[in-house]
């Protein structure tokens, strides 16, 4: 399956913290940058996410802002 | 100014394509990954974005999805 | 590829209207409901979207609001 | 009240799961498709959502992605 | 119709700038603050938006970030 | 740091309600309007948010919808 989201970035699950409805998942991408995601617990289970697993961080271009110093 | 968005990723502007209302901006981050952003033309001008300029891609954690093979 | 987005709804492309940077794509799902999407032109080309093609509308659960009469 | 969101889809509440801050609400639309929404508990109470109640799933077009096989 | 979005802020349309697919609409709220919105041209027409018209800016709480000095 | 988000609205923190992963933060802006935000607990701590503190509500223009009576 191919998705229209312009940002599909390969990385590894570094940490999963579960809440009541949502989980916070940290993904480490090559170069060491960490990307933080909030998804539902159901998605964590459905994707069977585990520490160290290879995944993709997916972000729609319209959800990326830009900041400058 | 510090922002609540959990993802603030340093990079360099690689390409700017202007439309009528929105622009598409490509940012290259260390490791060579490219991040694509859609922001208004007014923001491109207000930040004075130029090719090669150092910027940050900013993404709220709730806007990051995860995909797995 | 499997995605964390909780809403992945099968349908057919009904209409594509291209702008300078973004396109508006209408998807018809079973039951006749239409779902409207705005994605970049680059994504329209990269997915090779055409009228009548089978696709999926993908929406993160945190982007779905609820209204009541 | 009429809203600019292009997607306003009629359905029935099928399930509500409450967390500490957010709730997950499942809406069934005609044809049997289920749409999952994450909204605050305060919104669940303010709309007085109950199982079986008629509601609308509301999604801004810029939050709809497209996937293809 | 009542919506789950926690932010429904009354104001007046101050300016509409049309693009090919999207329009930029500026809303002035009491106290003089301006809120900028990007919606599709179809929505501008469907709501029959005009300068000076009373409207509401609607924002889901999960789309509001916080910054501090 | 300057951000591309078109809406950066000054206000004061009025209330913080913590959940397991996310917090709900209410910001009061001049004129008395309240803006509700959902951010991660980590962001609440990292910005050191407290009642009465001066902050900015930050919203990308593409996340603002418009409603009319």
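A, B, C, D, E and F label the chains in the order they appear, each numbered from 1.
In the analysis below, a contact is a pair of C-beta atoms (placed from the backbone, for glycine too) under 8 Å apart; a residue touches a chain by one contact, two chains touch by 3 or more.
As the structure is a computational prediction, the values presented were derived from the model and not from experiment.
Legend: contact pairs of B-E compared by residue number with E-F, D-E or C-E; the interface matching in over half of them is C-E. Annotation: 29 Å between the Cα-based centres of subunit C and subunit F.
Subunit C and subunit D have Cα centroids lying 17 Å from one another. Note: centroid distance subunit A to subunit F, computed from Cα atoms, is 23 Å. Residue positions of subunit A touching 2 or more other chains, listed in rising order: 1-6, 19-20, 22, 24, 36-40, 42-43, 47, 56, 58, 60-63, 65-69.
Interchain contacts (touch definition given at top) occur between A-B, A-C, A-D, A-F, B-C, B-E, B-F, C-D, C-E, D-E, D-F, E-F. Of all the residues in subunit D, the ones that touch subunit A in their complex are 17-20, 22-24, 36, 38, 62-63, 65-69.
Every residue of subunit D that touches subunit C in the complex is listed here, in rising order: 3, 5-9, 24-25, 27, 29-33, 35-39, 43, 47-49, 53-69. Subunit E makes touch with subunit D in their complex at residues 1-6, 37-40, 42-44, 46-47, 56, 58, 60-62.
On subunit D, the positions that touch subunit F within their shared complex are 1-5, 19-22, 40, 42, 60, 62.
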